[in-house]
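Here come two complexes built around subunit A, the first alongside subunit B, the second alongside subunit C.
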Partner chain A sequence: MSGDETLLDIRDMRIEGESDGQWNVLVDGVDLTLKRGEVLGLVGESGAGKSTLGLAALGYVRPGCRIASGDIIFDGQDLLRLSDAERCGLRGHRISYVAQSAAASFNPAHALLRQTIETAVQRRLMNAGAARKKAVEQFRELSLPDPETIGRRYPHQVSGGQLQRVMTAMAMHCGPDLIVFDEPTTALDVTTQIDVLASIREAVEAQGIAAIYITHDLAVVAQMAHRIMVLRHGKVVEEASTQRMLDAPQNEYTRSLWAVRELAKPEETTPSSPLLTIEGLDFSYGKGFVKALDNVALTVPRGRTLAVVGESGSGKSTLGRIVAGLNVPTSGRLTFDGAALPPRLEHRNKDLLRRIQLVHQSADTALNPRHTVREIIARPLEVFFDLRGEACDRRTDELLDMIELGPRFATRLPSELSGGQKQRVNIARGIAAGPELMICDEVTSALDQLVQEGILKMLLGLQASLGVSYFFITHDISTVRAIADEVVVMHRGKVVEVGSQREIFAPPHEAYTELLLGSAPQMRADWLTEFLAERGPVARQHAQSTERNGGSTHV
Partner chain B sequence: MHALGRTILYRLVLGLFSILAVSVVVFSALEFLPGDFAASVLGRSATPETVAAFRQELGLDLPPVQRYLAWIGGLLHGDLGTSFAGRAYTPRPVADIVLPRLGNTLFLAAVTAALATPIALFLGLLAALYRNSRFDRLVNALTLSTIAIPEFLVAYLIILVLAVKFPLFYSMSSLSPGMTLAEKLYLVALPVLTLSFVIVAHMMRMTRAAIIGVLSSPYIEMARLKGTRPWHVIFRHALPNALGPIVNVIAFSLAYLVVGVVVIEVVFVYPGIGQTMVDAVRNRDIPVVQACTLIFAVTYITLNLVADIVAIATNPRLLHAR
Partner chain C sequence: MRADLATKTADTSVRRRSKLLAAAPFAARVAAVIVLIYLLVALFAPLLAPFGEGEVVSEIPYAPPGGAFLLGTDQLGRDQFSRLIYGARNSMGIALATTAISFTLGSLFGIIAATRRGWVDQAISRFVDVIMAIPQLIFALILLSIAGSSIPNLIIIIALLDSTRVFRVARSVAMNVVAMDFIEAARLRGEGLVWIIRREILPNILPTLVAEFGLRFCFAFLTISALSFLGLGIQPPTADWGSMVREASPLIAYGKMSLFIPAVAIAVLTISVNLLVDWFLDKASGLRNER
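Moving on, here comes the complex of A and B:
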């Protein structure tokens, strides 16, 4: 930090958004001050108003929103009293923005370098040659590969982690006083995230830039911020220095956020028989393509959870689709409950279809928006159990109780449910078929941590009462800890390591498992510093080559 | 670039096949046309022998497949055939009848396109930028009404105002060879104005819709947040990504200017290809009808091909492989 001068002072900010002709409060009387060179972490669940507040720091509100009252004083100027042209002049030059999805926020029609230097050249802050030279320097500082030439590429030609760093370079290009980072690493794999976090932190520190760092991930913000502000329903819940916030959170809500990370499944002591066995499984998309799955072998024990962990492109979802019968393997054998499992969906009889159910990642797209919750859950009851009328309604109500929603939700449409409630209905539809094996494909990835915790607990409860086995696909290490009995680590279509949860989390690890486990941020303020100090240049190269070869973006 | 070249080649081959298919359809359709040229020219009093002799002279007695092959063979040598009309005294090649008229039609289309396209794009951009403003609503209402009013009515209204009440222009646009460009432009002013009214509406509305679609993308918000000026946001960030649909509707409008302007040609007595075709159909002058139809088909297919290629060439995802 350099000096005590206040750079940004947001006072009593009230922002409203319009929906169905009504104005709802999104940000409710928030005060926020930021000194030069200071990094403030803005934490909260989705809908807490983090992004809206972050954008207000640029004097910007999204279409359909308005600033109802308050002042935004940036370096002595009230942003709301400036003309449009003056505000436009500050943006990109003195205050800049890094968006969550770099893939969507870069213009697909222009090469990266042109977009990076656009503001500087348009404002005549630098001539095009100097601007290009500076951008290349920044690409190098942010440890992008081929800094001289990467700018000639188009956004779709560069991986997610690299794009996020180019966007950081773009934000810093004109030498701003303040950068707003809006969930810059949320869409990235853990091993990719770590390099982006390190690059951002080094760059911000080196130039003494003040930053507002928005995220829902407490472990991430702990590495980045000097001070943390927790928002909920548009209001400030708590604000303190990072260390203080981690050591002694004052507010009930803040403490509940902290508690989520500590969920861990106790080890099962009773032995279990195998339910699903996969041996020597290969899969490639079409002939002559690279193998998406290479000699995969694993076992799902009956009544237990097998977590399949890996980054995007590791083939874990493809494996799930093969078990569900949606993809047909090139070679290999599947055994389900002692009998061979036909790879093709059309060769499986109705009872086999009932016994293996698939729950998709995104309940938003998996639930028919025109069907009520009752229709959605009743469908498998009609198909598999021939239930009709009152019997069907009774069973639906029971299922609604099991997913902790209750019969009053039966008449609602998916659009009238929250994200977590939708995912519960999605799970209830799978459970309704009375399956022995349920394939859960990243079912908690898109949800806030508190909601995740609720759903994971519910899944554990269902397993205890119904004896269902889970084939649980995830990229998140803390989710594995919470739900898994057995773990399979996958990397580029191959199984890297198999074992019980205890075995996997206890050293010694395979090199890739080590990298994966080590890259998951921990709730200590100096974790990233220690990690970077410990990690040799070899590990860094490994992470970068992973990133270059894989798509490495979770969507 | 390699992939782009291959795509273009593929589209070209497809286009050629489409033209071939159209030629078959055109030929067969005309086969089924009731009545024939020989009978209609010679009149009711002609003896069957005379008709048969005349049919033989025209080659109409040959089997259809043979006639089709002869026609296509001629086309490949650049020979459109010989018109049936006036054959006895002075044989007239179809090319002599059709090509000057085609030239006139293309002239009218080019002048209209040069005027209407920039206006439509500009209005569309403005309407998108000031969406739901009074200007937007006014432009939308105006263009919608020009689509809704039949084009001949628009033409007569324009004649009424600009040629009758205020005689600034001629109501008839009869071009003749040897006119200077300025004279020609002056003569076609009213048909150009009429056609512009019709096509500006389509192009402007598509431009507006395409730009508005792109304006809600995250990269447009990003462009605003990095302080890009409003006009730059539209021209540099939105327009390149909206080009595909816009180019398509432009191609469609241009095709209409060549293929669909017969009504306007009649109203302004303009010697274009549409009138030629209508006359030829009336006279059962099959070679001319065939030539006109094929020209229309080629125009349509070529313009759509160009639109596709432009849409592909402006999409970096297709242009620059991963």
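Moving on, here comes the complex of A and C:
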């Protein structure tokens, strides 16, 4: 294998997808070349065509799509001219794929090892014994705990990060020349993401596998790829080596992607009174076996934003639901605007319901698909302000203007809106009630960077004009920077650290805050290398095991 | 921001709906026409039938088709064609009434069980399980022989037994909707249960329920025909297709095919309704992918 040999050459690729009986262009004349052992990062927003292009590298298109023109030359063979059987023979063996959601991609009924070796055994590339041995080696290489026995577990018995690594092991099992990674760490927590990124990178490097790494996260791709390709609307916007792309992005769109991470809320100087105070709050699911919240205390200042930061399982959403009245705490006290806040929804009067609003994370499930935008936004107006007819319509139009959509959106159904627009409508429904406290549960986390920025700016504008306080639940550090006045860091149901944004981001940190802040990838190509070097023993031990196994694992 | 604002035109869904039938597959269009014909025949039976429902018009039993009697006569010398037309009215009318009752009951309890959960759901669901554990036709036979075979009894018993199945479907589809955040949002607004059911849940489960209505109608229709065939359903002299099959069944030993006429009437209606439902499910609820 010489280093300069071209492994994959996609020429003038044009892929179309059908919707409503029309063929729309998803990937529009993209050229892509990949050398052996090279890692190419595909970056873009949702709908940019990056997954479609990634799958095309396997000679595959999703149902409802077709390749209109172009060639896919993999190691001298044109994938599009091969028979189905020949293409299938390449997939999983010489080209493999790692999907975004490992949990959804594994068969829950079979043990991990059996699924890992399935391709090799079925294709008769190895006998079952050799395949098992190889898989265990691979588990070790990806620094999974207990590599000898982890394969006996079932998908639900390992964590999300481990499952993603098992899936990578599965992809590497037959010794492929090329792996397509489709957002492998997007669904993971930042502290878990690091380990997965590190083990993927080292394993790919050690075996000299070429990879296409698809992600929307620029900081992640900066750690993983040698070269970055930015896609938008199915076209290549810019392509350059990682270092050059980070140092001097040429295209305006690329620069705007970079700029998003720099949004920061200026520090408020005027004093503010507390709106919501929580003291000594405990909450357990079931009969007290799982303690989801443990002695939580915090204050939301009036007209400000309190960001509650933590990873999945930290109890931050539960806390939000308790404030909203959906969960009832085991013990503890909530004070809202000087008066005790009844924990149960049924004990809160209509005005209290109006003053505290919850905006759900996923606008897809929070908006009734059979209601129009007008019906959705007008309902709180009818319930809380008894507005009817023309007055109600006028107020709805005003609200639509406030969320920067305008009255022409009033007749649409949620399915006729984009993700960002849906989230705006979702927020407008909360604002319509004229709340004093709005609980925003990860309202931006499912959205693209640029759309996120638009929504965060809108939320800040609404706060400035309406004086509403936000109880902002998020896992994303850059979102905290963009919107928070006060920050609460949570870990396993406990408050780790409380303070103003400046205090939290300035050292010294609590140990967990340190880990959380440190784990968020930064826009430097050597960030991960430095981080791993600093973290020490785990990384070093890992490097040794890679050395040991690196040479012998080629088939 | 620009990506955020890129959208389609608003009125596409309306246009799509009006084109729905025109774009339907051939089988669905034929099925629609057949069902329509059945309905018209049932509705205008007295106008269409040349003779009365139980009228003995010929001295010859089992007269062959031809002449005044288009399909011949039955064992008592009644006109088969007229009885077939009246049969449409009786069989379909009774099946429709049964389905309507079973639907009201089943979906009401199903939605209540899904929204209330807890012991309410447990109580209703376990009760339904007990009823469903007994084979439906046998259970119906037992209940009919206890209560006596009359048309109201027939309707009520079949409706009750069938409503358990409607309950199952309604409960499970409602359960999916209840888990959605917009239900929680409604609760947070302090909306009442009735409003939540009517405005938030019903619009989302209606397509599935309508399709289920079509299927349930077929089953009710078949059950009634089966009961009539067994002699416990619709009683003579009322004409219905199930009993017509039974009455003509001895003839099959003599190579006469007249029992196939009502049997085919049953089969064609059932298949047509099924085809219609299939197409409706495809289009309206997005439950299946056409590819």
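Keep this in mind: the second predicted complex is superposed on the first by the 533 of 555 C-alpha atoms of A that agree within 3 Å, B and C clash if a C-alpha of one lies under 4 Å from a C-alpha of the other, contacts with A are read in each partner's own complex, and residues count from 1 in each chain.
The rule is simple: a residue touches a chain if its C-beta (ideal position, glycine included) is under 8 Å from a C-beta of that chain, and two chains touch if they have at least 3 such contacts.
Source: prediction; values computed, not measured.
J.: Based on the superposed arrangement, let me know which partner A:E416 touches: subunit B (first), subunit C (second), both, or neither?
T.: In the superposition, A:E416 touches subunit C alone.
J.: On the A-aligned overlay, A:P380 touches which partner chain: subunit B = first, subunit C = second, or both, or neither?
T.: The second partner, subunit C, only.
J.: According to the stated criteria, A:G92 is in contact with first (subunit B), second (subunit C), both, or neither; which is it?
T.: It touches subunit B, and subunit C stays clear.
J.: Could you let me know whether more residues of subunit A are touched by subunit B or by subunit C?
T.: C
J.: For A:H156 in the superposed arrangement: first (subunit B), second (subunit C), both or neither?
T.: Only subunit B is touched by A:H156; subunit C is not.
J.: Between subunit B (first) and subunit C (second), which, if any, makes contact with A:R344: first, second, both or neither?
T.: Neither partner.
J.: Under the contact definition given at the top, report the residues of subunit A touching subunit B in one complex and subunit C in the other.
T.: Overlap of subunit B and subunit C footprints on subunit A: empty.
J.: Taking the complex as given, what residues does subunit A use to touch subunit B?
T.: For subunit A paired with subunit B, touching residues are 55, 58, 60, 62, 88-93, 96-97, 99, 101, 104-110, 118-119, 122-123, 153-154, 156-157, 170-171.
J.: Could you please specify the touching residues of subunit B with respect to subunit A in the complex?
T.: Residues 217-219, 221-230, 232, 236-237, 240-241, 314-317, 320, 322.
J.: Taking the touch rule as given, give the residues of subunit A at its contact with subunit C in the complex, in rising order.
T.: Its residues touching subunit C are 20, 45, 47, 63-64, 324-326, 345, 350, 353, 357-358, 360, 362, 365-371, 379-380, 383-384, 408-409, 411-413, 416-418, 420-421, 429, 433, 448, 450-451, 454.
J.: Which residues of subunit C touch subunit A in their complex?
T.: Residues 1, 3-8, 10-13, 16, 180-182, 184-185, 187-191, 199-200, 203-204, 289, 291.
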